[in-house]
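This is the structure I want to talk about, given as structure tokens.
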Amino acid sequence: MNARKFKDKLGTSVAWICSGITILFLLVFLGRIIYKGFSVLSWNFVFTGPREAMTEGGIYPALAGTFWLTALAILIAMPLGILTAIYLTSYGKPRWLVRTVRIAINTLAGTPSIIYGLFGMAIFVNLLGFDVSLIAGALTLAILALPMIINATEEALRTVPQDFRDASLALGATPRQTILRVMLPTALPNILTSTIISIGRVAGETAPIMFTAATFFSRQLPKGLSDEVMALPYHIYALMTEGTHPAKQVPIAYGTALVLLILVITISALAIYIRYNIRRKRQW
Amino acid sequence: MNSYKEKLFKGITYTASLLAIVILMAIIYSLFREGLPLFKVTRLSDFIFGSAWYPTHAIPEFGALTLIAGTLSVTLGALIIAVPLGLGSAVFISEIASPRLREIAKPLIELLAGIPSVVYGLFGMAFLAPLIRDWFNLDTGLNVLSTSIILGIMIVPIIASMSEDALSNVPKNIREASLALGATRMESITRTIIPAAKSGILGSVLMGFGRAIGETMVVLMVAGGSAQIPGSIFDSIRPLTSTIAAEMGETVMGDLHYRSLFALAILLFLLTFITNLFTELVFLKRSKR
Amino acid sequence: MKKTYIILALLTLAAILPIFGKGNQLTCSGSTTVLPIAQATAEAFMDLHPEVNISIRGGGSGVGIAALQNGTVQIANSSRRMKSKEIAAAKAKGINPTPYAVANDGIAMVLHKSNPVKNLTIAQIKSIYTGKIKNWKDLGGANLPIVVISRDVASGTFEVFNEKALAGAKVESSAQLLASNNAIVSTVGSTPGAIGYVGLGYVTADVKICTVNNVSPSETTVKNQSYPLSRQLYMYTNGKAKGDAARYLLFIQSAAGQAIVKKQGFISL
């Protein structure tokens, strides 16, 4: 009996310790980024461009570049993703096609981001002749975001009770009307929160834009779709590996990382909070 | 009129969903179209089992074995770190923590899973690697150990979150039956709940494996970059993803080096594809039950 | 409901509109060695000509040269001359690479500060990098394994080093291949047995320069090429530079531009 009690205690402590180590790791990690990043963070850092061969000044062009890349990618991927999800949930015929689409989406979701980068480079940059540009990067990121958005929308559409659909159809609405007027509006909050989460993911991706969109230094904000743009995640990487004055540039890299972290976490936290509220308020 | 609109709308959604297939096909096609011509020059067996990677040398050699070994070593290392931590955390959250703590922990894990990998890379390069170097008195901290630790921390949230789902989904009556038969909490966790959630846990580990294999930025920044088969955890290595990322820019479209990197990408794609397939089979088995 | 969607869509479009329309960007890419020169001069140039928008990427000389051959960049920064093979490949694609020298540079051999070795011959450097000499005691130093640090193959500094010091021999595979000059300086500076090589502009007080064939890299020895590992840094354009590219290159070669080159730690033309 005592041995069993001891084992019970032991097992419980192991679980405690595992969680403890995980939390400790993450605290050190986040603490380091926040502590180091905070020392360079300022209004000027966020809202001015780099100066003195990247040893002074801020990251505004990178912030703007990340904004445009992400916004365009989501704007391209969202309609496509929602339409695909509608097809999968509401029409779903022929069955073999749905199955094939599912396999394709799952495979895409598991494909490493560097392969998207290669694909974007081979197709958009070289074959279609977009060169390294905002649009090439946005399209690459859109493809990356597509499976995330499809899966999220599908899940959201499935949470719409069957009764809603049946009622709408029984009232004489066509399938299209049912989808557009009943199902989408009902599922919209869920679709939006999941999309917001994918915004966070897209904003932090580096590998897909390395060869399709990102540049290390550009003082002006992007002026057109064919411009190369700076981007926050690439900026961190470039400062760490190609920087010329580490003593001055590593702190800038930390600052950039903190800005990116705040951005991504705020976006995701917002989504999680909204979803939490939706779940609480939902009456059906 | 109305039926025309119906058909149009259905047609649009149909086309959109075809796009997912088209994109996947296009990715596979472009990888193979750019990568396969390498094998006109290099034998497939030399590519996979050759251990000399000198793509730009006057007499280039394309042996990817060192790169494959690099990828596998850090992925394995990451799993060794992440599986116990992730599983332990999952057990803690789902079975031990109070409901309130659980409500905080779940979204927190989700937030952590969304942290960009380049930020982990920065942490590894600027903080962990120098620390590891000083602790173990090494030449460099950019090695298998540092990379495994960082990759491990990165995939803990994935494994923890998905395993926790699997554990929570174990029906209440199984749990209660076990406790009612006089099992202690830990006994019922290890002997009934974990076995019942087995496939979900396995799925989470496979998911973490797939993520670690395909991760680029962390290995690019922390692995050191020597193309060698690691003899110890303190050796620098050059995994597949970081080789592609580091060398792609310098290749001229269509030359052998360019093709060899696409060939590496084919290899990487197949690796993750097979992992995904396994993951899905595992999940399929679960959902059938 | 429908109206809100339409208004929302219009608002998003309005927000995007300014981004359509072609920006007029001058794109440079390539050598990380040339990067600080390119950035610092681009800043000064854009201060004078605010209408020009210069974008600069790194990656390594090979990256810039490849991009020039692919026609995806207007100026390729390179820390070495293009190889005849590369020029031929470019010409086959209808691109005519034209070099513009922008600075002089020496590749400094750097050691950890505690290392007593003061001079290395080219032959010794070659033996170290090909793995024939593995311990500092064979070179009159302490009994300490040599940690060989090199650059990855995209690096022009590596190409010049490979050609001038190794005569084309392969670097042993356990050498650490780092992606930038400053990674080499920080690794060598913290590793007692390390040896590495970097452009002069990157040498800091954390490392020690050792002479090569008893010549130390300096303004005079690099300019008159008596230092064995001296080189020029280039910017390549497709054909003779035109428009903004020509003005930018002219600016770098001017006295004002060369003053910036010097300030960045390189040697002027």
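Order of writing sets the chain letters: A, B and C. Residues in each chain are counted from 1.
We adopt the following convention: a residue touches a chain if its C-beta (ideal position, glycine included) is under 8 Å from a C-beta of that chain, and two chains touch if they have at least 3 such contacts.
Keep in mind the model is a prediction, meaning the values are calculated, not measured.
Using the mean of the Cα atoms as each chain's centre, the chain most removed from chain B is C. No other pair of chains shares as many C-beta contacts as A-B.
Chain C has its Cα centroid 33 Å from the Cα centroid of chain A. In terms of their C-alpha centroids, the spacing between chain A and chain B amounts to 17 Å. Counting only residues that touch two or more partner chains, chain B has 249, 253.
Counting only residues that touch two or more partner chains, chain A has 126, 241. Shown for chain C are the residues that touch two or more other chains, namely 29, 59, 70, 179.
Of all residues in chain B, those touching chain C in their complex are 52, 54-58, 66, 130, 133, 139-140, 142, 224-228, 235-236, 238, 246-247, 249-253, 255. By the touch criterion stated above, chain A contacts chain B in their complex at residues 4-5, 7-8, 10-12, 14-19, 21-22, 25-26, 29, 32-33, 36, 79-80, 83-84, 86-88, 90-91, 97, 100-101, 104-108, 110-119, 121-123, 126, 143, 146-147, 150, 174-176, 179-180, 197, 200-201, 203-207, 210-211, 233-234, 236-237, 240-241, 250, 253-254, 257, 260-261, 264-265, 268-269, 272, 276. Residues 51-54, 68, 71-72, 75, 125-126, 131-132, 134, 185, 214-220, 222-228, 238, 241-246 of chain A are the ones that touch chain C when the two sit in their complex.
Residues 29, 59-60, 62-63, 65-67, 69-70, 86, 89, 147, 152-154, 168, 170, 173-179, 187, 190-191, 193-194 of chain C are the ones touching chain B in the complex. Residues 2, 5-6, 9-10, 12-14, 16-21, 23-24, 26-27, 30-31, 34, 84-89, 91-93, 95-96, 107, 110-112, 114-123, 125-127, 153, 156, 160, 184-187, 189-190, 210, 213-217, 220-221, 241, 244-245, 248-249, 253, 261-262, 265, 268-269, 272-273, 275-276, 279-280 of chain B are the ones that touch chain A when the two sit in their complex.
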